[in-house]
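Here it is, the structure in full.
Going in written order, the chains are labelled A, B, C and D, and every chain counts its residues from 1.
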Amino acid sequence: MMGAGALLRPRSKSNIGDKGIAYECGELPVGSAWVKFNIRFYVIAIVFIVFDVEMAAIFPPATIFRDAVLGQTPGLSPALVFLELFLFVGLLVAGLIYCWVRGDLEWVKGITGAVPKK
Amino acid sequence: MSNGLKLVLFAAQLLTVASAILVALHPNVLYASVSLLFAFLGVAVMFVYAGADFIAGAQVIVYVGGVTILILFAIMLTQWLYKMNLKDVPAKLGIPVVIVGVGLIPALYKVMRELAAFVEKNPAPDLEKFANLPKTGVIGQALLSNYVLPFEAITILLLGALVGAVWLARPR
Amino acid sequence: MVNLLNWATGLHGYLFIGAVLFVLGTISIVSRKNAIGILLGIELVLNAAGINFVAFSKFRTGSIDGQVVALFIILIAAAEAAVALAIILRLYRLRETIDAGEANLMRN
Amino acid sequence: MNSANFANSLQTWIGIGPLWIWAIVSALAVLFLLALPFGGFATYVERKIAADMQDRVGPNRVGPYGILQFIADAFKMLGKEDFIPLGCDKFLFNLAPVLVVMGACAAFAALPLSKYLIGADVNIGILFILSVTTLIAPGILLGSWSSANKWSLLGGLRAAAQIVSYEIPVALSILPVILISGSLQIGRMVELQGWSWTAEGLKQFHFWNAFHNPFTFISMILLFIGGLAETNRIPFDLPEAESELVSGFNTEFSGMRFGLYALAEFADVFVMCAIVTALYLGGWQIPFLNLDELWVTLPTFLIALIQLTVFLAKTFTLVFVVMWLRWTLPRLRVDQLMGLCWKGLVPIALFNVLGTAAWMWIFKGQSIAQLLYKLVSG
């Protein structure tokens, strides 16, 4: 599609005058575009990756739950799979509660409360 | 497997190696991590061809969707230490290490070739049947029978990693 | 050409790619000063190990064990990345650097 | 990777040529016959619905009721100058839209349009869709970084944080369906949601997953909310909040690159709605009617056509709801957004997983509909 566009569009000389400058509401940009950003993004990403990994780990046991319940897999009791699921959910809840209580899920500290006490 | 399919796998392997070379040698850390993303994708394609469909999916979800994002966040957070071009100056040992490393490949290859020759002489009986099996359920059963203990240990390890990492990263 | 394809898509090809990724990862670990760059190398090395496990499970044993171990590798690698990046972040905030060579707080 | 797919049937119909050529042909067909027209047409529908809700006329110049507007737009995009602003990282600036489009369009390959019409019914279907759509987050992040603009960077960071956060409730809301159907294969999941009027047939069909048990109904709503957030739609459109961030992560993108972003967004909306349809609303199944149990045997192509229509009707209803919500709900604040995800959706989704598992265990995997049928028929 980019190729088709290259064939169709008229040739023009880019970046004449102010055209190439980043658009910041018509003002000239001040300072570097790569600002320092809130460290919260990072903490959320760390919490996310652990949850994501747990998710990948629980998919295989989840797929055999139906067969275990219907008794189609000999030697595999549904109780075992259920226990596994329960442990999985329990660990996720434990992690979530830890982050919640310590205020890691708050975006703005001090406004919405739940600031950890030192 | 038809030659066309093999060609696709070969292209994925080339992509993997080329991206891995960029990861190791590109001076710009951001570009290195972007090529790491492509190396992950190439490895995922290799997994698919090795009959590991679920592992390939997990690879993409965990690495491309998780680790790469985390690394990009880290680079963007710390980039001002490295000015705009994100140049990473190689350590003092840099160039000798590269030479030794590349020299290591033939030695590794020799060991590997003997191993592969041995394996191809003694393959397991029903490889073909195994290759076409949907793996997710099989992995699930393995995780709940032979590998229960390691699996639980890893789940707890992940909880520990979460608590530790969040404690380290928490702004204070 | 067909010979090359057969070689590359067989066990040899998988092992070769695994070896190359391992070597490149090691190079990255040793030669980079940026701590994030070192982490990139570690991820490559772990992927190389995963390739070998999956390849042997397909070409040699014909059992699921190799793939389960590869799954474990992926899980542990992600946990390791989370902790490592948290440490890097801590280093960055304490010392305003992410140069692995300057992380020598314990030495002084 | 196996089972029926476009490539195989193309090869058997035409009878010649290696399989991989037909695989490429079918991939292109999915892209050009499905993803692109839908993406384009959705922009028209969106504008028309917006106009209706605001009591305006909307596009009405090109073709009857302005219906050809999106084709004109496409040519306009193609004809625009290929412009890269100063200070941009050129390579990443070019790469980012491609990654995003790749993530959104590859998912089309595994959507179950009908029993006989599915790009590739791979046995990790839903995992495949989940994993290719993760490409969108790095794409957006890299695009925003490379355009050397503060607003872009902020928008991109917000987008990435939002997309990855909401991936958790989305995956957790898919888990009950996996528990119920015992497979990751989407074709199988849809198949099980059928209906039969015979007691024998009803042993395997359990009607729509949304009504399997109370927990799955909540799961469906969670999946829909999570999907809205994943696709950056209102009320979760903080990454492109025009009153705060100009246009968010795509501020500096113009011409065809912007077109690719817009296309990817609409394709993503379609994919999310199609997932909700396939997983919870019965996919191509017609409620309380089993096409195999009719008094006549329908030809395969007719069945495929009917199922395609049913599937698209359900999906487009959901797409309409998405566009409707745009003019109904205000935008969330960023702290509310994260709070909703981690303190609202994730705990409820975890509860749903356990609840569904308990239901499965107690009732031996039977749904409400099956239990009711048993009760009524004695």
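Simple rule for what comes next: contacts are C-beta pairs under 8 Å (C-beta built on N, C-alpha and C of every residue); 3 or more make two chains touch, one makes a residue touch a chain.
Being a predicted model, the structure only gives us computed values, none of them experimental.
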Go through the assembly and pull out the chains touching chain A as well as chain D. B
Most heavily contacting chain pair (counted by C-beta pairs in contact): B-C
Need the CA-centroid distance for the pair chain C / chain D, whole Å please. 33
Between chain B and chain D, what is the separation of their C-alpha centroids in Å? 28
As a quick test, compute the distance in whole Å between the mean CA positions of chain A and chain C. 22
Go ahead and note the Å separation of the Cα centroids belonging to chain A and chain B. 20
Chain D: positions in contact with at least two other chains: 127, 145, 153, 157, 160, 164, 167, 182-184
By the touch rule stated above, which residues of chain B touch at least two different other chains? 3, 7, 54, 57-58, 61-62, 65-67, 69-70, 73-74, 76-77, 136-137, 139, 143, 154, 158, 161-162, 165-166, 169
Two-or-more-chain contact residues of chain C, please, as numbers and ranges. 71, 74-75, 78-79, 81-82, 85-86, 89
Output every touching chain pair, sorted by label. A-B, A-C, A-D, B-C, B-D
Please give the residue numbers of chain B that touch chain C in the complex, ascending. 1, 3, 6-7, 9-10, 13, 16-17, 20-21, 23-25, 29, 32-33, 36, 39-40, 43, 46-47, 49-52, 54-55, 58-59, 62-63, 66-67, 70-71, 74-75, 77-78, 81-82, 88-91, 93-95, 97-98, 101-102, 104-105, 108-109, 112-113, 115-116, 119-120, 122-127, 129-131, 135, 138-139, 142-143, 146-147, 150, 154, 157-158, 161-162, 164-166, 168-169
Chain A partner contacts - residues on chain D that touch it in the complex: 75, 77-87, 127, 145, 147-154, 157, 160-161, 164-165, 167-168, 171-172, 175, 178-184, 246, 251-252, 255-257, 259-260, 334-335, 338-339, 342-343, 346-347, 350, 353-354, 357-358, 360-361, 364-365
Touch list for chain A against partner chain C, complex: 39, 42, 46, 49-50, 52-53, 56-57, 60
Mind listing the chain D positions that touch chain B in their complex? 1-2, 18-21, 23, 91-92, 95, 122-124, 127-128, 130-132, 134-135, 137-138, 141-142, 145, 153, 157, 160, 164, 167, 182-185
Mind pulling up the chain B residues that touch chain D in the complex? 2-5, 7-8, 30-31, 34, 37, 48, 53-54, 56-58, 60-61, 64-66, 68-69, 72-73, 76, 132, 134, 136-137
